[in-house]
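Two complexes, one shared chain (chain A), two partners (chain B, chain C).
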Partner chain A sequence: MALFIQRCFDAVANGVIYSTVALALVIVFRATATLNLAQGEMANVAAYIGLVLRTPATPALAGTGLAASIIPGTPWPFWAAVVAAVGSGALLGAGVERLIVRRLTDAKGLAVVSATVGTLLLMNGTTEAVWRPVVRGFPSLFSNKPNDYLAVSGGRLRYTTLGTLLTMFVVLLILGFVLHITKLGLAFRAVSSDRAASALVGIRVGRITMLGWALAGAIGGLAACLVAPTVLLEPNMMVRVLVFSLVAATLGGLDSLGGALVGGVTVGVTQTMLAGYVPFVGSTLSLPCALAVMVLVLLVRPAGLFGRRLVERV
Partner chain B sequence: MRSQTSCRVTASLVAAAMALAACGSSGGDGGTASPENTVDKGVQSGVNDALNSTTTAAAAVTTAAAVATTVAAKPASIADWNALATKERAAVVKRITDNKWGLSADGKTITGPEGFSIDVSKCPAGWNNTQGITDTDIKIGNTISQSGTLAIYGQIAKGISTHLDVINAAGGIKGADGKSRKITYIAKDDGYDAARTIPLVDELVDSEKVFSVITLGSPNTMKTYDKLNVGCVPQVLSMTGHPAWGDPVKHPWTTGQQMAYNTEAVLWGAFIEKRAAELKGADGKITVAALVMNNDFGAAYNFGFKAWLSQSPLKDQVVYVNETIEPTAPTITDPMTTLTAKKPSVFIAMTAGTSCTQSITEAAQNGLKASAKYLFQPSVCKGASFVGKDKVGGDGSASDAWWVVGGGLKDAASPIYDADPWVQSARAELTAAGVDWKKDQTTLTGSIWGWSIEQVMSIASALPGGPTRANLIVALRAIDMTPPFLLEGAKFNMNGNKDAYLIEASEFAKYDFTKQGFIQVGDLIELSGKSSNCIWDQAKATCT
Partner chain C sequence: MKQLPLIELETATATRVVEFGRDDRTIERGSRQWRMLVVGCAMLAVAVVALLPFFLPVIEGRLVSRVVGIGVALVGLQFCVGRAGQLSLCHGVFVGLGSYAMTLSVARMGWPHLVGLLVAPVVGFVAGSFVGVLAVRIKATYLGPVTISVAVAFPMIVKRFSWFTGGSSGLGIVGELNAPQWFASVVGRPHLWNHVIIVAVGTVAVILASNVTRSPVGLAVRAMADAPLAAAASGVNLWRMRVVAYGWSAAFGALGGALLVIDTPIVGADSYDVFRSLGYFAAMMVGGVSSMIGAAIGAIILVAVPWLTDTFSLTTGPNVVLGALLVLSTLLAPHGLAVGVLALVRRRVRVTESAD
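Right after this comes the complex of A and B.
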């Protein structure tokens, strides 16, 4: 029983990791109807910026010398470094939209998606060149010592899992408010639905799109700071997470905020339980099994579990 | 709407494609193999002899100061080390020339010590014994993972090129023909993806026309060694400890350098046998848990350990459980939970790269570190690059008391070796070249390979006929030296068909987080010549 409880906690812990990046993917999709495959790498860069700002400038760590020379007051307190990471993610998101995506607005097919793949590779290579392909310990936003957990029927529910889950809920609430209650949210929905019609009614489409990318970038930055203590910060950290987050976002519905969370946890539960209780699956086949679940769900609900099924007037 | 629909389809396809790529690692557990076939009786008896003649580990903890003192008592400066290398190279050259080993006068056979022989007539038409050699250059190629999840090992290339630049600046490698040649070193990034290694090796051999090839990684070397051997291209000093590189009869052109993974596995087993009494649970069983990377690398460890277990007197008492992980897995939480639930006395990480560090942090958090009596990192994760304080986070105590079968190499990035003359020299070379070894610690591993390349090329060049592929492979098969990067007492030798492994020595070491280094425990175990040759059966994943 204790093992089952622990696996439940592990499933949630893994699922929340996937959900954090899935949420950023959903934000961009909701705001601009674009799939941003560079989302994870943008988040990775933001996390590195956070690490640099909170790390004393020592010869043993690449990148810190630069920070020490141009940014006053390093090392910053960890909370300030995380805020800076979130801000950096927003700036990166806005920058990518302004410099790359907006120029492809009229392009046909999957040009924008392809451009985000290029951005992913560019950022991955740059990250590796600047910060080297080595693992970096990244502090947790929540207390993360060996004994920092709630003991529940023999299982360990770590404070980091609880904290990340709680953070996700808070972010979801804020986003829900912004997207459903405010005029900004209305503008996001309008632009993602019909850019031309939005422009005709006076919405500044370019600015709204850029804001959507900035918002997603900020959430991505926060996501990277949340997952880095577990996945461990290195140039490919978010590449390893992205595939699971894509599955989570698609499963939950690419335009559903809550779907990102449910999708992530569903992927986590599927993976953990199948690997744990179906001997021939193991860790090798757990991801393909999660993909199979995604395909099954999409066959029944093409828009995902919580995605809106779009109806077009003909 | 069409855009949104296409995005949904794209997201699904991209996720599926990435998943397939992530799952596409070669090898696998291969659980149907017969482990009895892979046990190396020579290594096993050698380990037992060494451990039985050694003081108990607990009583023989070698302190950092003691290590430094011991090293300093040997060649006291890098000049002394270089003088020793010159002397030992001359001895190898003399042995080869005295025995008239090398390419026969009719050009049909290459001979070496202990029955080593290659039928050159079977090499492809147009095979060039001096490809990659000019009057001024020796061109060598290296496929290495400079990107991807194991990109950290790509820093080895920088360490190699830095050392070779120093050698080149000093005039290069002197040949028997009176010419001095500089080494041109070409490194190509394969991302640890064997599918990319294959065309890159072709490119190096067919387009760059290199003299010899070095490959990094077990799957990557495995996928190319048949073709290179058929083509009679030297594939030397491979950066992997898979036992398959000890096959001088069927794969004479391929050699490794580091201690074989199955030897490491036997040493884990010997460690368990020595401590059997304290490892037994209430049921009288000893549970050993292993986290195994799902590729040829992990499989070599896994089968090596199973081989030890199959003939161990403890085989009925040891319960061996293992879980596999994909090299690209973002977390290892699930398999670590499963293994921890087995309440193992001993945990062994048979992994590489980021998952080594993850195994340390996970074990600290899920209770395994507190419950298991002994935890082992693999030799490939011995360095501070994987276990240091800035990697595992916090005060670094998560790494404390982890053990390693270290493969006999000094951890040149560790402060424990600050006083060692070779370590100082390697660090200084890198620093002078603008490489910050503290940032890029794995470059120091490249200094090791740089030294080895320098030595084997020097020996081959000093042989009659100068630097030829035949001379290179004979030089390696007859080499016997004392490298400055090995712990005292470790040998660096091969002997034709009788001894096909360069390094067969290892220490047991325990991590001390206050010193940020592995501290040797007990004496070095030297197994030179003990390892049996290994004709690797890929289908059964075992030595025959």
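Right after this comes the complex of A and C.
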């Protein structure tokens, strides 16, 4: 029983990270109706920037020397570095939208997929070239000493898990507030439901879209800082996370924020429970199994669990 | 003299100017002359590719063999993405399946290489059809996540069954393809026999692929991509065509993978990661999805980029260059480099559509 409760906590800890990245994917999908396959790599770069800003100048981590000479006050305290990482995630998102995605002549379909795949390869390669394929430790956002846990009927609920969960809920609350109370949110919802009509009523569609990408980039950067302490930072860190999050976002239906949350937790539970209770699956086959779950759901509900079904007029 | 209406007169004059100006260079598509030109160019290309390694050092010569193998795989990917309009980010998986089918047939089963070359496309076709069955039901937007997850999952599955596949440490073919006596005595470099076989099989594969593209199945697949409803209304079975598109694509991918194994007789799980699949996609998009020239350009890029970064021992891997090329090409040459090459050719030779 204690083991089961422990596994539940682990499942939620994994699932929340997937939910967060899935949230970023959903925001981009609602802004441009495309999947940003480079979301994970953008987040990875943001996490590296955070690590550079908090590390004193050392030849072992490229960029720290440059940061020490240009940016005043480095090494920054950790919280400031995380804020900077989130900010640079936002800048990366806005930059990719403004410089690449908006300039595509064929704004839908294959061209956007190629653009995001190209960005993924470019950022992954750049990260590997600059920071080398070395596994690096990343400090935890929350107190993570051996005794930092709440004992719940035999299971250990670590403070980091609690903190991650709380962060996720705060992000969701802010997002819900921005989307449903502010004028900006109204504009974003208008753009995601009909671009042409939004432009006609005077909404600056390009700017709103760019803001959406920036928001997604910021959330992605935050997710990378949350996941880096447990899986350790390396150039390919976010590839696995991205795929699980893609599965999560797809399960949820790609255009639903709540769907991303549910999808992420579903994927986390599937992964942890299968790995724990089915010896044949273990940790190596957990991704193929999560994939199988996604396919099964899609076969029953082609638009995901919470996705809007579009009826097209011919 | 009868007065011609203005528009007709203008057209008549324009046509005549073209005819007088470039009479000797104008070729009608599908005519005997046109066919001779195309076949001639193709034969010239095959001859160059076949003979090049005989004049190159061993390592550079083997790069040419790789170009052929990857080219066949890219022709398969083009069929799925370019003809059928179905997104596939897991082509590396099909290539990997072909490589494994070949290696396992020879190393574990003890079958001759030729059997391996026949088994690989069959395995590919079955696996591709399986992905195609998923695509039948799933919305087009979700094909990206589904196929990229398949690409990430593949090496994990291979490692799980490492007692059979060799896992990360890899599995090699011990007995190599033996050159016949006359070849070894004439050329003196028996390992080039591998290249001869690769080019021969590759040529047959490319001819077959162009026949599939022009067959009723190929036309139906293309109709499905252009206007699914109209195609369905004129009797195209969309479900079957989607499955078949992935099937053929994967069959050629797997054959390409088998050819790569003839050149480098070892397979390891880690070389078939997601970046391999994304690399195939990137190279094909840079080259162009709609003509064999695009596949050739893509294959050259995919072989040349890692070779260049290795030769100049840059700290960057091939991913930076491939990513930069793909981003630039989506912005500057969205239809691929092949369109540019064809435009250069058309400046010399004018191709008119046939009258009927």
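The rule we apply is simple: the second predicted complex is superposed on the first by the 305 of 314 C-alpha atoms of A that agree within 3 Å, B and C clash if a C-alpha of one lies under 4 Å from a C-alpha of the other, contacts with A are read in each partner's own complex, and residues count from 1 in each chain.
We take it that a contact is a pair of C-beta atoms (placed from the backbone, for glycine too) under 8 Å apart; a residue touches a chain by one contact, two chains touch by 3 or more.
From a predicted model like this one, the values you see are computed outputs, not experimental measurements.
Undergrad: After the overlay on chain A, what do you see for chain B versus chain C, clash or fit?
TA: clash
Undergrad: What is the contact status of A:Asn14 with respect to chain B (first) and chain C (second): first, second, both, or neither?
TA: After superposition on chain A, A:Asn14 lies in contact with chain B alone.
Undergrad: Chain A residues in contact: does chain B have more, or chain C?
TA: Answer, by number of touched residues of chain A: B.
Undergrad: According to the stated criteria, A:Leu110 is in contact with first (chain B), second (chain C), both, or neither; which is it?
TA: Both: A:Leu110 reaches chain B and chain C.
Undergrad: In the overlay, answer first, second, both or neither for which of chain B and chain C A:Leu246 touches.
TA: both
Undergrad: So in the superposed three-chain picture, is A:Pro288 touching just chain B, just chain C, both, or none of them (first/second/both/neither)?
TA: both
Undergrad: Applying the touch criterion given at the start, work out whether A:Thr126 contacts chain B, chain C, both or neither, answering first, second, both or neither.
TA: In the superposed model, A:Thr126 contacts chain C only, not chain B.
Undergrad: Which of the two partners, first being chain B and second being chain C, lies in contact with A:Val134: first, second, both, or neither?
TA: Only chain B; A:Val134 stays clear of chain C.
Undergrad: Kindly classify A:Glu97 by the partners it touches after superposition: chain B alone (first), chain C alone (second), both, or neither?
TA: A:Glu97: touches no partner chain.
Undergrad: Under the contact definition given at the top, report the residues of chain A touching chain B in one complex and chain C in the other.
TA: On chain A, the overlap between the chain B and chain C contacts is residues 33, 35, 37, 110, 113, 124-125, 128, 132, 240, 243, 246-247, 249-250, 254, 282, 284-285, 287-288, 291, 294-295, 298, 302-304.
Undergrad: What part of chain A is in contact with chain B in the complex they form?
TA: The touching residues are 2-3, 6-7, 10, 13-14, 17, 25, 29, 33-35, 37, 59-62, 109-110, 113, 124-125, 128, 132-139, 144-146, 149, 156, 158, 192, 229-232, 234-237, 240-244, 246-247, 249-250, 254-255, 271-272, 275-276, 282-288, 291, 294-295, 298, 302-304, 307, 310, 312.
Undergrad: Residues of chain A touching chain C in their complex?
TA: My answer: residues 33, 35, 37, 100, 103-106, 110-111, 113-115, 117-126, 128-129, 132, 239-240, 243, 246-247, 249-250, 254, 282, 284-285, 287-288, 290-291, 294-295, 298-299, 302-304, 314.
Undergrad: Hey, which residues of chain C end up touching chain A in the complex?
TA: Residues of chain C touching chain A: 81, 87, 89, 134, 137-139, 141-142, 144-146, 148-150, 152-153, 156-157, 159-160, 229, 274-275, 278-279, 281-282, 285, 289, 314-327, 329-331, 334.
Undergrad: Spell out the residues on chain B that touch chain A in their complex, using ranges where they run on.
TA: These residues of chain B touch chain A: 1, 3-8, 10-12, 14-16, 18-19, 22-23, 28, 146-149, 151-152, 154-155, 294, 323-326, 328-331, 333-335, 337-338, 341, 354, 357-358, 361, 364-367, 369-370, 385-386, 389-394, 398, 436, 438-442.
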